[in-house]
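The following blocks contain the structures, represented as structure tokens.
Here come two complexes built around chain A, the first alongside chain B, the second alongside chain C.
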Partner chain A sequence: MKGVMVIMRRELASYFLSPIAYAVTAVFILLYGLFFSGIVLGFGVANLEYTFSNMVVVLLFMAPLMTMRTLAEEKKTGVDELLMTAPISTGHFVFGKFFAVCVALLSMMALTVIHFLIVRHYAAPDWGPIVTSLFGLFLAGVSFLAVGIFTSSLTDNQIISALFSFGILLFFWLVDWMAEAVGGKTGELLGNLSLIKHYEDFNKGILDSSHIIFYLTMTAIFLFLTVRQLESRRWK
Partner chain B sequence: MIEVENVSKLYPNEKGVSEISFSLKKGEILGLLGPNGAGKTTTMRIITGYLYPSGGSVRVGGYDLFEQPLAVRRQIGYLPEIPPLYPEMNVQGYLEFVAGLKGVPKQAVAKETARVVEITGLGDVRFQLIGSLSKGYKQRTGLAQALLNSPPVLILDEPTVGLDPKQIIEIRNLIKSLAQEHTVILSSHILPEVNMICERVIIMDQGRLVAMDTPEGLSHQINKGQRVEIEVRGEREAITGLLQSIPELNDWSYGGEVKNPWGTEAQPNHKYIVTSQSPSDLRARLFSAFAQAKLTILEMRSANLSLEEIFLRLTTQEHVEEGQAPGQAEERPEASAAGAERSSKGGNGE
Partner chain C sequence: MNIISVKNLKKVYGDFTAVDGISFDIAQGEAFGFLGPNGAGKTSTINMLTGLSRPTAGTIRIDGIDGIKKIKKAQSIMGIVPDESNLYDEMNGFDNLTFCAALYGMGKAERQKRAAELLEEFNLKEAGDRPFKAYSKGMRRKLTIAAGIIHRPKILFLDEPTTGIDVESARQIRRLLSDLKRQGVTIFLTTHYIEDAQRICDRIAFIVKGRIVKSGTVDELLRNAGQEQVIRLTLSQGIKGIKNQFQQAFPALRIEAQSENDCLITAPERIALAPILQYLDSKGISVFEAKEARPTLEDVFVKVTGIEAGKPHKEKAGEHR
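Up next, the complex of A and B:
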């Protein structure tokens, strides 16, 4: 467990030293503010859920940028030779990386607290859906990050890593449309794989364990694949 | 301390390593020697567990690489060919990170990093960003990292590459002093370096282990007969004729002309390298033969092969057989010149 903390601390420090962190955060906050002011002023409602449902899509584009360098860069610079020969298990190593980007995501989301204060100052919003939406946003974001970490383990090129995770995430998003076209049992199965569809209930203020389990399962699968991928490099 | 048995690493296209075996006792320094692409780095990566072998077994400190990979990795400090550094961190921060990775207890981290900074002479740059360091300091930081937590085994891949001559001497002395407490494997393609530091040498070529011995032992192993260098005054034809008439000689080669340093003689002197399997001292035989022929020997000394020549002999043998002599000729002009005028008795070749 100590190894996880060591990896996480270094990764976080390194993340916040990189310009990517600030670019991603700035764009995230900018878009968030844009949706927020547009919806609140445009519709005149004290509502944050619409903003959140847009932010899931924004996150889908931000997450690959947050994770693209996690493993790819070390492979490129040769630091992986230190990490893969250090007395720390590959699982702990991947967890360390993953928790670091999760903390980075949390810190980015924490900046949105100002919008709650604005809403609270001018109106009396329904806090239930806001809290579940925020929770859902985080859960969805975490699964995006797991996908991103996996694609980062596939290559030593950050751009390719980001592209691959865009590809995977967009596939799991658009799978919803395919499901409607296919219909029937297969359609239902495909629909259940949709990253966005599982977010809808959170947005309505519903906490359904099946959605939570879905995101956590996605996360676990991609982290597991990452560990396998890193281990398989030793055989190459 | 380290046992490597029949280790192979197969790649689909390129050469890996095949059937490498050796073992190392505690406190030994082993040098891996070979041209680029010989499999030195692959061998080291296998011992450190960065790569798994396709066949064979590796044991470090009694632990099997496959059964207890973490226990093996705990025994090893590894300096890869490219030092594994984060340019955005400073030296101290980086060393603290690696100390944490290696499981150094929190209270001991400050003391341990100070120790390796002291050993590797990083004091002046301790709080500089690694990205701004010179190549020599980067190499030292890599070495410092390997020394953290005093692992019983050190594996150093080309530790002196890219350093200036002064630094090279410092690092060599450092490695030598480390060998008292650590078992060291280092790779190099610089022969005198290995000769200087290592107690044992493995010569690798094209993924195979070509020879393993002490530097002196290798000399004996290759150079079974006697080898004498002579400088003679006289006509070249006369000397060549005389050498051909001595039955004890197995081979000789022409070493080139030497200008007389005092300039009183118009004609240059000639150098030869003569080898023989004869049990009696070749020097005595040469002396009497040349004296009878009234040719003056100006200089004569027994010349056993240097490690460099052994290395070239071992690793170029195959190329010569394959008819790639030109490549070799570039490296050893005197040898190819001699080849043109080799005596008919010349049997063993290069």
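Up next, the complex of A and C:
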């Protein structure tokens, strides 16, 4: 577990030293502010539901940018050798990287607190859906990050890593429409893979374990694939 | 006790065999050198020993641990200095060192103390807070070595530690390796410089095209190469005119004229000098100097490999891949 912390601490330090961190955070907050003022202030509803469903899409674009460096950059500069020859298991190593980007995501989301204070000042919002939405947003974000970490392990090129994770995430996003077109049992099966569909209930203030399990499973699968991918480098 | 024991180690990339079934043992505290030309399989071997790449076949035991199945355990006693730098460009020297120490589980206070010590020892104190990417080649090499030893490894692997750095830094590195050896650290290094091998290593293996073609202690290798006794005479004049006569007078010896006033005398056994001196004196030639010409490790290397060490060798026609 000590190894996880060592990797995580370094990763966080380097993340917050990179301009990408600030650019991503700035765009995230800006868009959040826009949706917030457009929807909440514009329509005058003390309801953050719509803001959040837009933010899932924003995260879908931000997560690949937050993770593209994590493994690709090290492969390019040869630092991966240092980590592969250190007595830290590949699993701990990947967890360290993953927790670091999760903390980055959390810190970014923490900045949205100011908006709740605004809402609270002017109205008495229903806190239930806000908390579940926020939780859902984080959970979805975490699974996006896992996808991003995986694609970063595939290449030494950050841009390609980001493109691959966009590709994978967009597929899971759009699979819903595909499901409708296909129809029948297959359609139903495909529909269950939809990232957006699983988010809807969180937005309504419903905590359904099947959705939580969906995001956690997705996270676990992509982290597992990352570990396998890194270990397979030894076979080369 | 053998701290490293390698048997029939093999690495195949696609259909190309880079390491072709090598076996060797390294005793605790020994300095062992892999000497060979470019592409011989030195880095491939180190990579398998350090867990960077998996052997196609063969076994590795490191300090009694299975070096293939239990590689993570074995890695905790290793220090590794790869042929190219493996540190973070954007981090400064000090942070790179403490991070490496942390990877091996070293506590905060100790790793900071040790990093400061090493920076001092390698004359990198001022550069300690500069980012690694701003380092010169020699500085990078030194910091990479410092990072490899910060956790006080029992075995140190170095892939061409002195390549691409100036004479003074190379000397400093050799001195450091000698110190580490004295402290009982086992050293495995690869190099194409005979000088490194001869100065640092107790034992050397020549590796060519993935095979160990000869190995032994430096003395053994030299002795084997020098079965013949060779003496170089420096004379007052050349022996060209009397060469045949001279040779007939001493049929057991092989006499060759070298440069203008030198000649080489070779024999399978030790050479008695008095009769030779007398003979030359009788011909009116003075002998100013008689010197034993010892074979160098380079001679041995050239002899067993047919390759000029440390120089790019010409590929024979038809051998190009």
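Just so it is clear, the second predicted complex is superposed on the first by the 236 of 236 C-alpha atoms of A that agree within 3 Å, B and C clash if a C-alpha of one lies under 4 Å from a C-alpha of the other, contacts with A are read in each partner's own complex, and residues count from 1 in each chain.
We take it that contacts are C-beta pairs under 8 Å (C-beta built on N, C-alpha and C of every residue); 3 or more make two chains touch, one makes a residue touch a chain.
Predicted model only: the values in this text are computed from it and were never measured.
**Q** With the two structures overlaid on chain A, would chain B and chain C clash, or do they fit side by side?
**A** On the shared chain A, the partners clash.
**Q** Considering only touches as defined above, state whether A:L17 meets chain B (first), chain C (second), both or neither.
**A** A:L17 sits against chain B and chain C alike.
**Q** Which partner chains sit in contact with A:S209 here, chain B, chain C, both or neither? Use first/second/both/neither.
**A** neither
**Q** I want to verify the contact counts: of chain B and chain C, which reaches more residues of chain A?
**A** Ranking chain B and chain C by residues of chain A touched puts B first.
**Q** Common interface residues of chain A with chain B and chain C?
**A** On chain A, the residues that contact chain B in one structure and chain C in the other are 2-3, 6, 10, 14, 17, 77-79, 81-89, 234-236.
**Q** For chain B, which residues count as touching chain A in their complex?
**A** Spelled out, the residues of chain B in touch with chain A are 45, 48-52, 54, 70-71, 73-74, 76, 78, 80-89, 93, 97-98, 100-103, 145.
**Q** Taking the complex as given, what residues does chain C use to touch chain A?
**A** Per the stated touch rule, the residues are 13, 50-54, 72-73, 75-76, 78, 80, 82, 84-91, 99-100, 102-105, 147.
**Q** How about chain A: which of its residues touch chain B in the complex?
**A** Touching chain B: residues 2-3, 5-7, 9-10, 13-14, 17-18, 77-89, 234-236 of chain A.
**Q** Would you pull the chain A residues touching chain C in the complex into a rising list?
**A** That would be residues 2-3, 6, 10, 14, 17, 77-79, 81-89, 234-236 of chain A.
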